[in-house]
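Pasting a structure here, questions to come.
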Amino acid sequence: MSEIPDTTAYLIAGYTLFVLGTAAYIIYLTVKWKKIVRLKSEQADLLKRRQQH
Amino acid sequence: MSKTGTPAAPLLLAQNVQKKFGRRKVLKSASLQLTPGECVILTGENGAGKSTLIKILAGIIQADAADTLTLCGEPFPESAAQRQKIGLVSHQPMLYNELSAWENLRFFAEIYAVPNADERIRSLLQRIGMESRKDDPVRTYSRGMQQRVSICRAILHDPELLLMDEPFTGLDTKSVQILETMIREGKNDQKAILITTHDPMAARQLATRFLRLEKGQLVSQEFEL
Amino acid sequence: MQSLFPKKYLLLDIIATILILCAAAMVFLYAPTETNMGLVQKVFYFHVAYAWVGMLSFVVACAFSIVYLSKKDLRCDLASEAAVEIGLVFTLLAVGSGSIWARPIWNTWWTWDPRLTTTTIMALVYIGSMFLRKSIDDPNKRGRILSIYCIIGCASVPLTFFSIRGYRSIHPVVIGGASSGMNMTPEMLQTLIFSVIAFTAFYLALLAHRYTYAKVREDVEITKLELEDMDE
Amino acid sequence: MKLFLHDLIALIKKDLSIEKHTREIFLVMLIFALSILFILNFALDTEVKARSSGAAGLIWVILVISGQLSLNQIMNLEKQGNMLEALLAAPISRTAIYFSKAITCFLGMYGMALVIFPLYSIFYNTPLNSAHILWISALGCWGYAALGVLISAMTIQTRMRDILLPILFFPVIIPLIVAAVKSTGAIFQGETIGTAMPWISQLIAFNVIFTAIGMISFEYIVEE
């Protein structure tokens, strides 16, 4: 039975690419989400103060 | 829209026209009625939506929603044939800079299918005193000259409705006189004219009615003449 | 709404994460090591899943574009924007993992194989449309123009595949079918199908989040205008 | 139908007379193409350039890259004096505007192809050896112009204008270029039409598809 070539290095490379890529995108999304939520709450306060006048 | 018993059927009837420009609702519910022989001055600050209304009536852009929008009774902007009855003057001259006045008018005469175009163009050019410069490219003209040629372009096909978007901006006195005579003639041949301007004093003596565009609605305005 | 993530999609997130973990478990524990490729063959499962999601996302974006053109509902444009962005990320990861997987087998990082080339061209179309989206401000015009470009892209990418297929092809791999000289044992096939399902669920969760983000950003813009009006 | 044709001819005459006055689009494109031809000459060894399939590919690369200049320019004419609105206000159908732009661009491209093809065969004495080249290159140029005008109508309304056109246009025009290169290459190699037919039929199919998409969606792109 031919000896199975040892390609574990590429396996690790492949899966680190998957994990890092997906994680990077998720982090990117959360950062943008946090920014926009903060902006929205600031606006909500501004709106409330404006309506009181 | 005071209906002082004008017998003629309205040339243009627009009710509850709405248009959002970007995220801003520029026209909340504009209603307007134009009868032949009328000259309506529409004022309003810059950005109030005057140009948008003119573009909708000219068929360039479509309103988001409108109860009725009819020209001579038929539903409006969809069909290209309807636009044959409309002449448009905008603060930009809308002429091809590289072409001469003659070539520009020849081109527009062809797409508006103007009968015996050459005499029509020649007579119009004479009237605005551009006979001598008719073969120079438009980019060599002064602003006043360009606007005069643009006015010729608008009335070339003898439209029933004349829309003018801030036509008086940047005109020299001679061009203003020519514009006023054209408007007066238009009123006499029972054309309906709508002029937008942010300076209400312009062409006051020509106007039969005044409208103001505020908060996206058309409000009729009585001026002590 | 200070939460890290919108609550609405928590359930979807949980399901997606569980599915992915199971898929990973299946890949490493259940699926046998392929005889003549060695361990690197395990990259194949996720590679196909990512490529599938990339293509699916392109079709989803195209579908939303068609709906937008017929219904002029701005939300469809936002959904299309979300689908395009996620599609691009998955396609790039698929192409990257594809070349890593190909390296030991055909000892080249890149092969002009029709499927791989078409996927990369699809990524180019994605990037082009994102540039286009950034450079138009008026939301209505942006929606209209982006929808049409998305439909053109959706028409052109399959045409690219057909036109270059006759060109030169090393491994006639059909999605999910037998891979180049790799005999697909039943366990392998099950793992593959499971990971494709897992990543489709993950895709839906991501799409929901990205869409919500776009929706909130749009609301912020609208309230900005309202605030301006109130100032007058 | 007569009216449509009448408007179409008027629009094309207008574009051509502007071109006659400024001589911009065609001459600029031609000189750009020649300079690329010379650059490629030094960049590639003679063997590639002389081989018939290489020749077809190189000619089409030159046409595709320099054709992009005319695409930007053609829509720019309308954008300067805000003329697109004048045309939209005129009683002509939007498809007439689309076809006039596509035909003008096609004439520029085809004119350039008629210069580049013989010039290339002179420079590298590759035989053109059949008149079929004429209509095959016409098909290629038409498909290019039909989709190009559509993408140019989009990018002309954006902030980045000319830079955006190649990024958006080249990825989606690839199928047409592949078919065009393959067909021309087959003809250069002296194959009969029969053997090159699979590629030519693909070229025709792409032409039909892109023109159809163009006709339908041009109106959506230009109207505000």
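Chains here go by letter, A, B, C and D, matching the order in which they are written, and residues are numbered from 1 within each.
Basically, a contact is a pair of C-beta atoms (placed from the backbone, for glycine too) under 8 Å apart; a residue touches a chain by one contact, two chains touch by 3 or more.
None of these values were measured; they are calculated from a predicted model.
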| item | value |
| --- | --- |
| B-D or B-C, whichever has more C-beta pairs in contact | B-D |
| Centre-to-centre distance between subunit D and subunit B (centres being mean Cα positions), rounded to whole Å | 38 |
| Euclidean distance of C-alpha centroids - subunit A vs subunit B, Å | 53 |
| Whole-Å gap between the CA centroids of subunit A and subunit D | 42 |
| Touching two or more other chains - residues of subunit D | 224 |
| Pairs of chains satisfying the touch condition | A-C, B-C, B-D, C-D |
| Subunit C-touching residues of subunit B, taken from the complex the two chains share | 20-24 |
| Subunit B residues within the subunit D interface of the complex | 55, 58-62, 80-84, 86, 88, 90, 92-99, 103, 107-108, 110-113, 137 |
| Subunit B-touching residues of subunit C, taken from the complex the two chains share | 137-140, 221-222, 225 |
| Complex interface listing, subunit D residues touching subunit C | 147, 150-151, 154-155, 157-160, 164, 167-168, 171-175, 178-179, 182, 198, 202, 206, 209, 213, 217, 220-221, 224 |
| Subunit D-facing residues of subunit C, complex | 69, 121, 124-125, 127-129, 131-132, 135-137, 141, 144-145, 148-149, 151-153, 155-156, 159-160, 162-164, 166-167 |
